[in-house]
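By letter and in written order, the chains are A, B, C and D; residue numbering begins at 1 in each of them.
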Amino acid sequence: MAASIKRIGILTGGGDCPGLNAAIRAVVKAGIGIHRLEIYGIETGFEGLIKKQARPLTLEDVRGIVNKGGTILGATRHHNPFQYQEKIGEETRTADRSRTVLQHASELGLDALVVLGGDGTLTIAERLWQMGLPLVAIPKTIDNDLPGTDVSIGFNTAVITAMEALDKLHTTAESHHRVMIVELMGNKAGWIGLESGIAGGADVILIPEVPFNIEKACEKIIERKQRGQPFSMVVVSEGARAIGHEEVYVDPRSRRLGGISHNVAEEIERRTGLESRVLVLGHLQRGGSPISFDRVLASRFGVHALGLILQRDFGKMVAFRKAEVISIPIREATAGLNLVDPNGDLALTAEALGISLGR
Amino acid sequence: MAASIKRIGILTGGGDCPGLNAAIRAVVKAGIGIHRLEIYGIETGFEGLIKKQARPLTLEDVRGIVNKGGTILGATRHHNPFQYQEKIGEETRTADRSRTVLQHASELGLDALVVLGGDGTLTIAERLWQMGLPLVAIPKTIDNDLPGTDVSIGFNTAVITAMEALDKLHTTAESHHRVMIVELMGNKAGWIGLESGIAGGADVILIPEVPFNIEKACEKIIERKQRGQPFSMVVVSEGARAIGHEEVYVDPRSRRLGGISHNVAEEIERRTGLESRVLVLGHLQRGGSPISFDRVLASRFGVHALGLILQRDFGKMVAFRKAEVISIPIREATAGLNLVDPNGDLALTAEALGISLGR
Amino acid sequence: MAASIKRIGILTGGGDCPGLNAAIRAVVKAGIGIHRLEIYGIETGFEGLIKKQARPLTLEDVRGIVNKGGTILGATRHHNPFQYQEKIGEETRTADRSRTVLQHASELGLDALVVLGGDGTLTIAERLWQMGLPLVAIPKTIDNDLPGTDVSIGFNTAVITAMEALDKLHTTAESHHRVMIVELMGNKAGWIGLESGIAGGADVILIPEVPFNIEKACEKIIERKQRGQPFSMVVVSEGARAIGHEEVYVDPRSRRLGGISHNVAEEIERRTGLESRVLVLGHLQRGGSPISFDRVLASRFGVHALGLILQRDFGKMVAFRKAEVISIPIREATAGLNLVDPNGDLALTAEALGISLGR
Amino acid sequence: MAASIKRIGILTGGGDCPGLNAAIRAVVKAGIGIHRLEIYGIETGFEGLIKKQARPLTLEDVRGIVNKGGTILGATRHHNPFQYQEKIGEETRTADRSRTVLQHASELGLDALVVLGGDGTLTIAERLWQMGLPLVAIPKTIDNDLPGTDVSIGFNTAVITAMEALDKLHTTAESHHRVMIVELMGNKAGWIGLESGIAGGADVILIPEVPFNIEKACEKIIERKQRGQPFSMVVVSEGARAIGHEEVYVDPRSRRLGGISHNVAEEIERRTGLESRVLVLGHLQRGGSPISFDRVLASRFGVHALGLILQRDFGKMVAFRKAEVISIPIREATAGLNLVDPNGDLALTAEALGISLGR
């Protein structure tokens, strides 16, 4: 018979988002308060297991964090143990440190692991689980591109941040007869762009799933100008691309400067004769206090994940489906992406409202 | 063959909530902009059809209202045509004016009606539809107590408003070693209380679905005091009641003063020896700009309702299920209420986090 | 020659407000980081000196608190050492414990004290300073009723909270053709009511400094109704009173239930025939994250207070005048109150905008 | 005897900011409601007088705009009648159209003009006043760089927007061990940067008035890293410049991409070895609903400006000094700029809190 669960580790991988702390808190409060477990916080994702950096979390550690953005455990995008980059003197070497992860988890006495992450982190988790590391996963992603769950931690807060920015820019665009181009997150999936664009009264929304024709987008802006509304709001997902282009031409400095939106702005100015301004919302979308939806979702996910562990139902990811929390095999969440259906209800709602998707 | 749809009426009944204007806007933008229909705005619910108060809505009328609370059409709780109260001189008489509604709808040339409402309004709509008025419904309710849809317009914004109040009160409760009792909306259903309480770090949550034992609730507060946390946050739904009481004793002035929460406060002070303060959040929960979730939901509902009308698929309510917009017979939404399951996932999540439900 | 300053105590007295933590943080950061002093945090106002409850504050203690409401030191209204209420067994006895305060301050090795407080706390501080306790004061009050400074910590955040509530209630009042009565803080001074009322589009504002004639107030509401605006927003300071009444009749339960506003509501309903609703904003006005103005003001006050101490310039209160931080004798701040001038610029601005002050 | 004032024009020039509508509303409400004047709204600054585009404003036009950003009159930076750029066919010609302004003002029957503007617009107004156009001015500027008034419309709202962005970015910077560089408005004056930086917990603030040494700035970041805080928040005013540089080298695309902050980011990465990210907050700072401070200030300015006109006290600007609204000759507001004193109280407060100004 399997030994009972006594000590659990928890880590957050990849980019941070609002709601991670609420999930950590739920695991700690339910784990210690109800089930008398020990919970170990592992630092900066799987890197903390490679470097054996972990500490016991107390109820005091999670007091007052339900409404804090970020993660008290730290996070990094560079924590893949299968391709871990180590500095040896001046050199950087890539090594497979997955065995180290399992060994350190064992040395730390961890009976199981809760992994909070998106696509990248969950793929790592799935492989480690195949190697024998007992774990369950909690989905988080600003972009909402994980399949298997209707929604992940962080998405709804990011949409509100984007919507509030659009609300703010609306008045200044209108006063100055300008086109405001707002670049939002969404490399493969246009959920943030589409939802915040509908909510924020955008006139044009360009998303990765609908390759755009710049001429079509400009038609909308020109039509508005002719109707006496010489201003427009244009939302551009960072991963949007023109029809027929694998990748849009992007200035080499673009990683820091913001990419596609500047090209779009130039084209719009040229074709419509209207002054245009770009705002790259960037990391603001990761920040801030999670809204109630994400706090509740994260709390439910945390409690549910703990339940899976206590039943030794490993290799699973908690998921939100049909307004219920369920669990699915992690691999279902890493097979493909949850993308906007170009002919689905949400995209067609946008067009019914008169929004151009540039097609 | 049925004549084609040319003119549609739209009305909002019952209490207002954030998101109504976003739905009205969606119907008008899609109705005029895409389908070249005429849309008539009917004033203050079904009362506008009794009094024949309606006006054509233009695209200009719905400009800039996606982020406005309330309803540009006006709303009232006293618009039931089956029991309509009319003032004749000094006297008030109750009359059945349902025939008048049908007659005026016909005289206004309305081929169909979009009805936004909650439980009460939808029950009226269902009866009128049985009498031959072609209509479709869009669900809205702060309390989220409509069955048949996972969520209705207004709920998620109200939860955020409640959560923000809890966030604000937390620091002052902590600084002053007080018990803060916050009375929230929810006459039959405790959704607002439970979700905002989990999100806002409540220590006790009393909802209608879980009759409470005040002693159990106070145990939690005393336990916190003994652990060196001489302050607590208590959320009370307006419809919460003590075990064994059909209705809690409520001061006759309570309708204006706030009800149950004052009794709860007195009991807590008496049993815990801690100073307690009451805040009745009241109409703040109906107000404000809708969050992105409600703006998008309302937009989708509006477009979908229009689609039903164009297909002459009357007697239906649009609904949000499994993250998709569908339609169901209105009567499914008025048969019973959508209540919190006392032993369901959400209630158990609260208890796993150490929150007392007073049981 | 006087010994140099090495150890400083800091305390917060009276009701809490947003910005206290920002001031504490400034004293600690500048005190430790720049001047290498020790800073002792004293718990719950002067009570902490009676009970000798104090602890050294570290830079770590003040990390991340600039945007937190409340006070990390705790606060209470019952900390007057000249009339201190002590429980001896079942009995409560009032004693003068001011000597104890001086003795404990000496035993704790405090070379000086920073006192954050309003009217009540500053009066205590002035007396203790006369008795030989070296201290400087920082003004804080939601009500902004301290003379000698243009503004105190907490006021501007409270005004925004009140304004946001008015913004939210506006749409629901308009949709339902109701009169919304909002009771705001301000026992002697109507600053919160007047500023948030102007900002939030109130139609009637009743403040303590302008005794009101309910008939005059109702004239405005009736005039609006006749112009086709059958809704109004009425702001009532908790200390507002009718002409000729020393104190308005208030229900004995009023301390908890909210006072004057319910009487006002009844009168308005009776005289205008419009449904009216009351919201008592209460402790929400004390809560929340301070706005930038209060964070900056508190930071400047903290640094300035420390400067006074290092120059041994005791018995002074820092003050904000003409956009500069200065210092004045504490007694100037406790002689009388800073009240709205009924014929001053602010009150006349309100009336020029068509707002009735009920006169 | 001078003819009495009957018709007033009002215009907004330069970039928009929150609070303009509140001022327009105050002039209209007091002008029509109290003084029975006619108020003409002039479109897009002085351009509206060149093109004779103006319309009577009604009480209905200003309903519900007190909390709206932007300006209902429109604004443009290209409205200088002394150097007006006109398109003649394909050509652009610069002409002096100041006589046209006076003539059209006369033809429109305007007895006086209210001009809302910053440095540029007020300079134009002063010249037109010298030529005989009767006018008074109301100061507005995000940057707060107008002398003669303690504060102008728009500044305090912009500071809150910047502070909220810093609050949001803080958690993500901390979670990811990054340096976040936030570029804020402030071409000549660093008020937004300094105030929001103090409020938002910045570690380094670079403003135009204090030419910076990048090495000094990096010392602070490295010191934090060594103390176990491998993340920092850096605020950079758009007009900040390194010591000895008239102008910092800026990429030619910088007008659209954001300027100095990218250079600062590169230097910081190189010198500290920490990953750094840039956010250019841009037009977000102009947008949004004005906070209560700006709504009240704008209302007072509007009413006061009207009073000056009725007394025929032209050529003046209303100003906020020592918490009172006064008036000064416009030329006092256009002689020089209101800059941060590098050795004044605010700058020294920042340094006392441990913030590096890069010197």
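What we mean here is this: a contact is a pair of C-beta atoms (placed from the backbone, for glycine too) under 8 Å apart; a residue touches a chain by one contact, two chains touch by 3 or more.
Just so it is clear, the structure is predicted and the values come from calculations on it, not from any experiment.
Chains that touch both chain A and chain D are absent from this assembly.
Minimum number of contact steps separating chain A from chain C: 2. Each chain gets one centre point, the mean of its Cα atoms, and the points for chain A and chain B are 31 Å apart.
Rounded to a whole number, the gap between the C-alpha centres of chain B and chain D is 41 angstrom. Each chain gets a centre from the mean of its Cα atoms; for chain B and chain C, those two points are 35 Å apart. Contacts with at least two other chains are made by residues 167, 170 of chain D. Contact residues of chain B toward chain C in the complex are 15-16, 44, 68-71, 74-76, 161, 165, 167-172, 174-177, 180, 251, 253, 256-258, 262, 265, 277-280, 282-284, 286-288. Within the complex formed with chain D, the chain C residues making contact are 25-26, 29-30, 33-34, 64, 66-67, 150-151, 156, 159-160, 162-163, 167, 195-196, 198-201, 289, 291-293, 295-296, 299-300, 303-304, 306, 321-325, 345-346, 348-349, 352-354.
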